[in-house]
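Here chain A shows up in two complexes: once beside chain B, once beside chain C.
Entry: the complex of A and B
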């Protein structure tokens, strides 16, 4: 009976309906609103605050001519590549591999230390990192003991400081993902490789990594998207300065929308950020599909 | 499917709070409160007690916002965007009044002010700050401030500078700073905020004192255009370049948003700083109950007007800001809200607030009060600067222009651009922000 069949078919989706509604309201809604606002001259105050006018692609045209925009885009890619793809991902994998070989006490201590940074709320982590890197901070005091001159890390090397801070804060996630993934590597495989005379590096490169590549791609996707959205950490540490030297796209969007009250322009930057996230996401999804054994 | 969606929508709407009863008599009051700025909170607590006692059944809901000036402005603007979150009475920066009136956030107070006897006691100049482009008054001033040079007498004495110090030109400042540098190498001779890190402090307590002392200005009121290409702009940048290049100020890396805490809390009390340009509110940090209590500040500190470039009349430059109280345009109880505003700003509450936050009085009765005049040893000096003071152009383009000025100063003090290059960059930036037809060469 087709009617009955159709009812059953519809009812089957009933359990996911609340989730879909929530996603539409709280995820798709703001994204669409932001995109719509980016096509207007909405402002925080002034004439266009309550009655924004439609300006088409003006904001995007302005963005292309803004000298800060290419810099900001490059800094965002640098931040993601440095702190997520290289930093958190590789360090997390290294920690996970080493912790399997370390003594339980060492492994537990390291694990706790790494996870502690992750447990901190972002604002607290930001202040801790600021206190560490600032002029009279912990790092300079430590270096001072060895007679190494005072470097103003947040001023002279702001990107290095925020990248290191984000690696510190976020590595725990990758480490946990990889620890779980490594537990899933069949022991017979590595043992067989060992019997055939493969060294530790060879076993890692030819057995372990190929087996966990699904986890690698998933982890890369998650940490990339998380890192793209990092705002509080950078804002607390450098506020994007000096001279825009650490203004990533989220910082730029905040500055434009809230500091200069230009919500239309700020949401245009945010829309580009969504686009960048989409490009990264699509690339990883492809990777995931192609590499399936 | 449709009925399910409808059901979901019903559930969602049921979650939103029911509309308050029409007889609801609550006034929401939004204002700023920080660790070092509690005077306003005290004022509103007092006003709330007074107002609730006088008006049975009315509840005043205080909503302090814990944020710095910039973030407070943002949070307030976001709340004002929607009538359901807009406060009835709020603390409003004078230089945002005009653009917030344009946005339709502020209630016109003209008819109500006529019926308020105290209004005649407000200083005429201060009243201007609450006016919008249409000539109507939308905000009542709470207090104002001026800027001057604060200097440490001990440091100056040790360097052999004659006291009281009163520089008559920029060259005087540089000469004195060099003298201090030579005799006390560990002391920062003359601090002047610059760069983006110190934000609005860079321009209000630094660049504008220089610029307005050269005979030029940022904005031409008559033509309503932004001034570009002026010699004064370049001269001002050159002064900053000299100050920083000759190590008479702090290293540029020190100039982060928190540096003022070091200025008030560390450098001045410890005699590590010769002088700085700061607001008339400086004593509020040092007096009893302030964030950096310093019993000896009255004897150790001195204040001098910032001179014009070459001593040209009127011989001094100062900048003023200040805050107001305003009523939300869409308040449901405009009369009640306005009455609360008048309670908050009555003579007693105004006096207490003005003294506690070292503001310059805007009510003549407060200004004449012995309690105000003896609040700190510098009241007379800084109040006198009202005669020469200037205000920022209150247009909605201003925050971007200010950021461009900050960038120009940063480029100069770090040595990445010469004053000529930085001034040219600024001119380009201004044309980009407001459009070439809104600039004027002077």
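Entry: the complex of A and C
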């Protein structure tokens, strides 16, 4: 009986319900709410908090005219490209390659040091990075030994400071991904190349990297998405300043919504960020589908 | 720590495709380079350790003139340390329990029954892991205001559980996939129900895997700053990640030594938990759950 069959089918999937409800209420709900609120003049307090009015695309038009938005967009691209795509990805790969050639004790010790920065609570990592880059912090103390002039990193070069800090914080992820990927490269391949006279660099470039290209692509996607969402590290180190010089999109959305009390405008920024994340997420899913046999 | 490694669907199963691991010659220069990078990763933590032992600590990293545990004894009070840590524990353990329970319930039918529903659902879940959580904090704040859930620990737990559910379902499903159906079928023949089979066969076999999922969720919730910062407002319900700001401002000058001591006491539990996971079955287990699609 089809009706009976259908009932059984539904009953079987009943246990999925709690998860679905949680995801709908707390993830899908806020996303939809964000798109809606970005079309209103909702405020944090006062009249517009109780009765937000529909303003259409006003917030988005304001975004286009606001000089901070393009700056923030550019800083976000810089942050992601510098700390994730270049920094974490390349350093993670380098660490994984080096670890296969180093003594096991050394690679285990260094692996622990790298992972420690990643496991640390984000606020503690933020404070540590802040102290490291501050005017009389560890970095300047070290540079002072070599007679290099004092730079106030957090004020003069805030983006450099947060990019380096995020490389420090996040490289462990890429390192773990590439360690797993390199373990899957068959020994016969590299050995055969070695017998044909290929040097270490050639083997890396022409054998190893092409074999693990799937892992490289997924890793690039994931670190991009993770870095896009970084808030606490930047908030603790520079709070987006000085004068918006390190205001990436998450920081901008937070400032507009909570510091200036303009929820509508803040959610417009957040909606852009969600859309960017969605585009990368869709690209990532495509990538996974293609990789499946 | 953010998304899991859902990487490398194509990573060959090691035992099948790789009779022997490829280990290039150990080289000393790899040791040297690695140790240098490892030292750089530890540098920002130096301030935390030295500062916590120095009653007169500032920004600068220096060996304490009169090292002592004064900073630690100063923060060992109910208001400064124990209540925030207790709140962190409630928040993280609650999130872990809710996430794992919902993930097991959802993953079982997804793993065991064939349906048109499965593939789109799993891709939807993967897409969910791509969502930049910091971007939805402004809308989530709005949602919590509307539902009068601000400052509610249970509601914050449910939200944190929703954010970690996509990764948890994905990992849990892979763990259940790895439990042979034949074992369960044997139990059914003996008259056990689906639920009894899940409880007596599947759960014990995937126990270590569930432990890994729980610990990963716990570590993420423990270290999360932004979510409780936005959603939990009263001092009495704030976890350590947020209460850490009490070392600024109110007490006049920043108590750097106490801040460092507090940071260490707050970080140790998650560092220890990570060590348990890493030692137990290596990162391999943690990754294997996430890696196999």
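The rule is simple: the second predicted complex is superposed on the first by the 256 of 293 C-alpha atoms of A that agree within 3 Å, B and C clash if a C-alpha of one lies under 4 Å from a C-alpha of the other, contacts with A are read in each partner's own complex, and residues count from 1 in each chain.
Following the convention adopted for this analysis, a contact is a pair of C-beta atoms (placed from the backbone, for glycine too) under 8 Å apart; a residue touches a chain by one contact, two chains touch by 3 or more.
Fair warning: this is a prediction, and the values are worked out from it, not measured in the lab.
*Asks:* Regarding the shared-chain residue A:267, is it in contact with chain B (first), chain C (second), both, or neither?
*Replies:* After superposition on chain A, A:267 lies in contact with chain C alone.
*Asks:* Of the partners chain B and chain C, which touch A:18 in the superposed model: first, second, both, neither?
*Replies:* both
*Asks:* One more residue to check, A:135. First (chain B), second (chain C), both or neither?
*Replies:* After superposing on A, A:135 lies in contact with both chain B and chain C.
*Asks:* For A:152, decide between first (touching chain B), second (touching chain C), both and neither.
*Replies:* first
*Asks:* Answer with first, second, both or neither: which of chain B and chain C does A:229 touch in the superposed model?
*Replies:* A:229 sits against chain C, while chain B stays out of touch.
*Asks:* Is the number of chain A residues in contact higher for chain B or for chain C?
*Replies:* Touched residues of chain A are more numerous for C.
*Asks:* Could you tell me if A:280 is touching chain B, chain C, both of them or neither one (first, second, both, neither)?
*Replies:* Touch status of A:280: second partner only.
*Asks:* Does any part of chain A touch chain B in one structure and chain C in the other, and if so which residues?
*Replies:* On chain A, the overlap between the chain B and chain C contacts is residues 18, 25, 49, 134-135, 258.
*Asks:* Which of the residues in chain A end up touching chain B in this complex?
*Replies:* 10, 14, 17-18, 21, 25, 43-50, 134-135, 152, 154-156, 239, 241-243, 258-261
*Asks:* Which residues of chain A touch chain C once you look at their complex with the stated criterion?
*Replies:* 9, 12-13, 15-16, 18-20, 22-23, 25-27, 29-31, 33-34, 37, 42, 49, 91, 95, 98-103, 106-107, 109-110, 113-124, 126-129, 131-132, 134-138, 141-142, 165, 168, 171, 173, 176-177, 179-181, 183-187, 190-191, 200, 214-215, 218-219, 222, 225-226, 228-232, 249-250, 253-254, 257-258, 263, 266-267, 270, 273-274, 276-278, 280-282, 284-285, 288, 291-293
*Asks:* Please output the residues of chain C touching chain A within their complex, sorted ascending.
*Replies:* By the definition above, chain C touches chain A via 1-3, 5-12, 14, 17-18, 20-27, 30-31, 33-35, 37-48, 51, 58-61, 98, 101-103, 105-106, 108-110, 113, 115, 117, 121, 123, 126-128, 130-143, 145, 158-159, 161-163, 165-166, 169, 219, 222-226, 230, 240-241, 244, 256, 259, 263, 266-267, 270-271, 274, 278, 283-284, 287, 291, 293.
*Asks:* Mind listing the chain B positions that touch chain A in their complex?
*Replies:* Touch list, chain B to chain A: 1, 4-5, 8, 12, 70, 74, 77-78, 81, 96, 99-100, 102-105, 195-197, 251-254, 256-257, 396, 399-400, 403, 407, 410-411, 414, 416.
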